[in-house]
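Have a look at the structure below, then the notes.
Labels A, B, C, D and E are assigned to the chains in the order they are written; within every chain, residues are numbered from 1.
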Amino acid sequence: MPDTSTTPAPPEQIRAVPVRHPGRWIASAVIAVLAAMFVHMLATNEVFQWDFMVDNMSSDPVLKGARTTLVMTVLAMAIGILLGIVLAVMRLSANPVVSGAAWVYIWFFRAIPRIVLLFFSASLGALYSTYELGFPFDQQIMDLFGFEGDWRFLSLDGNDIFRGFVAGLLGLTLSEGAYAAEIVRAGIQSVDPGQVEAAQALGMSRGKTMRRIVLPQAMRVIIPPMGNETIAMLKDTSLLIAVPVTNELNFQLRAIGSRTFQVIPMAVASILWYLALASLLMIGQHFLEKRFSRGFGNRETRQQRAARRARDVGSTH
Amino acid sequence: GDDPDDASSSGNGATESTPSVEVDEALAARVPDEIGEDGKITVGSDTSYAPSEFIDEDGETIVGFDVDLFSAVAQKLGFEAEFESASFDSIIAGVGSGRYEVGVSSFTINPERLAEATMVSYFSAGTQWAVQEGNPEDVDADNACGLSIAVQRGTVQADDITARSAECEASGEAAIDIQQFEGQDEATAALVSGRVVASLADSPVMAYAVQQTNGQLELLGDIYDSAPYGYVVPQAETEFAQVLADALSALIEDGTYAEILEKWGVEAGAIDDPAVNPAG
Amino acid sequence: MSSAVGTPAPGAVQPMVKAEGVHKSFGHVEVLKGIDLEVAPREVMCIVGPSGSGKSTFLRCINHLERINAGRLWVNGHLVGYREKGGRLHELRDSEVAAQRRDIGMVFQRFNLFPHMTALENVIEAPIQVKGVRRAEARERGAALLERVGLADRVHNYPNQLSGGQQQRVAIARALAMEPQLMLFDEPTSALDPELVGEVLDVMRGLATDGMTMVVVTHEMGFAREVGDTLVFMDDGVIVESGDPRSVLTDPQHERTRSFLSKVL
Amino acid sequence: MPDTSTTPAPPEQIRAVPVRHPGRWIASAVIAVLAAMFVHMLATNEVFQWDFMVDNMSSDPVLKGARTTLVMTVLAMAIGILLGIVLAVMRLSANPVVSGAAWVYIWFFRAIPRIVLLFFSASLGALYSTYELGFPFDQQIMDLFGFEGDWRFLSLDGNDIFRGFVAGLLGLTLSEGAYAAEIVRAGIQSVDPGQVEAAQALGMSRGKTMRRIVLPQAMRVIIPPMGNETIAMLKDTSLLIAVPVTNELNFQLRAIGSRTFQVIPMAVASILWYLALASLLMIGQHFLEKRFSRGFGNRETRQQRAARRARDVGSTH
Amino acid sequence: MSSAVGTPAPGAVQPMVKAEGVHKSFGHVEVLKGIDLEVAPREVMCIVGPSGSGKSTFLRCINHLERINAGRLWVNGHLVGYREKGGRLHELRDSEVAAQRRDIGMVFQRFNLFPHMTALENVIEAPIQVKGVRRAEARERGAALLERVGLADRVHNYPNQLSGGQQQRVAIARALAMEPQLMLFDEPTSALDPELVGEVLDVMRGLATDGMTMVVVTHEMGFAREVGDTLVFMDDGVIVESGDPRSVLTDPQHERTRSFLSKVL
């Protein structure tokens, strides 16, 4: 039986004894012990050679390497995203040839390991020593009709173009284009189709609708995965060794490692470097995300309210 | 058997019987206990370096003249050599940490390495240049300023070419465009395709590459800077190193050494005085 | 079927909307099965009917968001979405369709405001981008429109900072900013909380008084009775009956109309 | 003026002359020419050595290598996903220590290039020759109080554990755990919170709600990115060369390259192999997605209808 | 304020729901500012009020989906979400809260059916998982319940194959399957097309007739008048007036009630 009659209605705040969660405390303790063990190892294991590491990881060539890595990351992402937008629009085209070509491109470049691709783009010089723009099978056609000569109008020396930085950039960009295309496409498709309809009903053209209405809203959805892509790209610059691009961070750190036989300290150094650079990029991503969430989530809608509530419920009990 | 020069292209480097070697009990007795425990010697080796050490056509067996030779050394001591693929960078550290008992991977003996480990010389290799057939670009090893040249990353040739490039710059000429690859095969491929005009590598490796590319390349100039290859053992194991050196001497004496080198066509690099930590 | 609409009497005003035997199928499902109607200038036509009867589809055909399969549809005398040349119909290109739509304002059930723009930016976007109105001028006119729908103080709020009723009023202002000759409303109040419905209906009432031609799909029978000039009852892709709202609502002629009205009234 | 009076109302279907899109035809033509040029190159350039390539890419060790690659991919994904689920639940925990630890883990392992991580996990043997479970700083504490001995209860030989396959699996799994955690978390959070609320209102426990209601619905959102992860993992097995794992596809193909100095044909071979394996995985993904879309999208809801309409509009004009 | 509810008369039935001075804040915003009410067994209480007045929040407090900040709330004589021991309140653990909720059925505005389960699976999920009912038995009872809400032929359909009204009826059957002593409805018809509202109200009417205790937040004044035993008008976190639905609707005592009713009627 309730005590409704005995308790006077209390106007004061409820201060209830919370439920105890011993499991959580145990988990916290285990994590703390593990962390301590890790620090212990770092501090006491002389394999790490902290002095040596710190000295070398801030040496001049390494700093230059870090700069190359950042420049390569930014360039590859920028060009890759442009390529990705083109591919995404092609994918969404009503023309089956165009959208099929984009599909094949994306399928192909997503399935191939970047390291293989990089090696390949560096080897393009080996396929032809000169690159020529012209008609396919021109020679054969000429032969067929008994003519001499060819139909080619622009010749470049393949080995001059596809080397070092440019070869690396080419490989990374081609690959990034495929990933970016999928992200951009998902972003475009995530925009409420009612938005397109509203813009059309106002008489806006397809191009304007895309630029003014769809893409700005798609950005919200595009930025987080693109941030991940950028970090992935940062890390994949370590694969440039297949080209090779030698003034890049990972190469320089490993070079020190193999010169001095201090391989582990230099591996730790590269972990630290990549952590630092990746964290930098993550901070950048944070600000971009903030910029593009303008008008979203400032005040909650009825549905968002319902959603938040359920979340609150989920976490307080 | 086949012509030894052809050993790997015909793929029988592994199957061709290596000369069997008798155990030298006196030497065997001097092997330190911690190595002797399991009757095997674990060897770390970067197996992408034909013809010294590479993977045979079956995709598993590690073959090469380094392999044959060290196996014979191990047999002399009553052991079996167990080769394991490793990344080149990690072998010396791996020997230091006890992961490998010996490192055999065409390590040229130099002061930096001697500072990290004890080494036993067993072969003499120098640096050999190669260019495309007929030397179309007229490369001169002593005047390579401004050219594109391929080497394998982390080799003595990488240091060599870097030094040459620095000289070029010092004398006011264009630096050498050094292309450092992960493997000598890629460096060679770059040379074949004309991405670079020359490549330099250890003499046996370069000879093998020229042979494998069916006349697309040719050797340029003589072998220079000859220096010994050495087995890598932990710094403190000087005793064990001496045993290895003595076993090698025994192999040289009984002719097995020459036989193995001839089998691989690298007899030019034979030495007659294996030593622990030879000076310079 | 179809040609129920005869030759217009000489001198009759040209209808703002005219449909003749409009058919629309999605795949094998026929959604509109021959719609004939006329909306005169300054007329307010309300369309009611059960869910799935094709009301929205018909509205969307009027500004060519859907393409009709048979029949003819004119807005203000122009064939919607096609050009007739040499006895054949030619599809209009995107830019021509866009031009046609400029004269037709549409208000959606779910508002579809642009969430990344403030109320004012929503209103001035199309005049600037489509009509090439100067920004300063557009802002002035936009502010006046927002004031007209009672939102003078919400000009710089983002849509998600507005209540549903306020959002729908911004949507109406946005459509009006293009100075349309015809306004289409697709259940403009059915996504609103009951107390907010009134504000939106008030704005629509004002539009009707000002003489705007309107086609309104709605479930608000009160509005239809009070403001509508004609009430059309659709079911299953056909117009079951139409006429003066008061008489249709109080004395429906068809069984289907009766049973529907009994549910929603 | 309209022709309403002259045209009799036509009951027949509208057969309008469609708008011409010359741009599309030009694009198609360009793509066709590019494709022809590509085929031309493949067919006529003897660098590719097709015979040699085909022979070697289907040799026994390569086939075995492909198998190892697949096994490694599947194992690393399976364990990585389990780890990811644990981490995701930790991330969503109300306990700040637990969720903070998961955050650090994810941050750390996402920022480090896999190739560095693999190199590191292969070098763990070099850090300590024996791995021991025990109290951190035991030795130091013992010293402090002047005791002898240590507090360690399990010792393993580091060099026996961290080599070859196991070292590779460890590195890939640790890294995959971090990525999988983010995907699983996004999946869980994508489920309409009203679902959790409904389950709670029915008196279901948190565990049951997670297992029966949330996770099955989250699968729809989890599977597509997890499919991408699996393909990324397939490709990243090519990095096992840093460990090295020798009976793996990329290692085997490169071994042929370094034995025969036919580097380009073997690079093409690896492209073909990875394309084939990735396509295989994509097909698998397709069927999984179908399986978990049960009850979604069979018939459209009112909102979906509105959405589709706008899409239709978007693509027909 | 608060203690408006006096000591119950001796021998009075224990109320199904009893609220005393219930306060609820989100951050610094006080949403419920002292709610006192009693719902007797078999009583149907309807709650109306403008958006944001705290109706949903109060309903959610009743089954502890929200935690109250002050006051006391009992369901069927048990304190909701807390245990009183030694003069202090102790939070219940998750499993105890879950047990309390089993006696309270809740129906949401947006249905919240489990989309990956058929109608029948939705209904039998909780009995099997929570009460441990055998599957065969649960299926039998589930089918009977679905028949009771008029969906005998839709047992094996997934929610997205059902109309809104059908979905809401499945949601009611799902709540009933736990054999609750109290049913809470939060605007059960406001997400429905107007013609579908009737089917759901019919089912609720049936429940009321069968003697189920119900608290219904609704905008359907017709339902409130006809089925409700009490009508409560809330505004801004307080109960403005309550009483017999007919008298409150026809003769509201407060200005706020009057102005609200003028908008929604």
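The definition used in the following text is that a contact is a pair of C-beta atoms (placed from the backbone, for glycine too) under 8 Å apart; a residue touches a chain by one contact, two chains touch by 3 or more.
Just so we're clear, the structure is a prediction, and the values are computed from it rather than from any experiment.
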Set of chains whose contacts include both chain D and chain B: A
Taking each chain's C-alpha mean as its centre, the one farthest from chain E: B
Superposition of chain A upon chain D: rotation angle, C-alpha, nearest 5 degrees: 180
Most contacted chain pair (by C-beta pair count): A-D
Maximum centroid distance from chain C, chain identifier (CA atoms): B
Rounded Å distance between chain C and chain D, as computed from the means of their C-alpha atoms: 48
Geometric centre distance via CA averages, chain E-chain C, whole Å: 38
Residues of chain D whose C-beta touches two or more other chains: 47, 119, 123, 126-127, 192, 194-195, 197, 200, 206, 263-264, 306, 309, 313, 316-317
Shared interface positions of chain C, touching two or more other chains: 65, 94, 110
In chain B, residues with contacts to at least two other chains: 90, 93, 97, 186, 189, 192-193
Category of the chain touch graph - line, ring, star, complete, other: other
Pairwise chain contacts under the document criterion: A-B, A-C, A-D, A-E, B-D, C-D, C-E, D-E
Chain E contact footprint on chain D (complex, rising order): 192, 194-195, 197-206, 208, 212-213, 216-217, 294-302
Complex interface listing, chain C residues touching chain E: 50-51, 163, 190, 193-196, 198, 219, 260, 263-264
Complex interface listing, chain B residues touching chain A: 88-90, 92-93, 97, 112-113, 115-116, 148, 153-154, 178-182, 186, 189-190, 192-195
Chain C contact footprint on chain D (complex, rising order): 1-5, 7-19, 306, 309, 313, 316-317
Complex contact set, residues of chain B against chain D: 8-9, 47-50, 54-60, 84-87, 90, 93-94, 96-99, 183-186, 188-189, 192-193, 209, 212-213
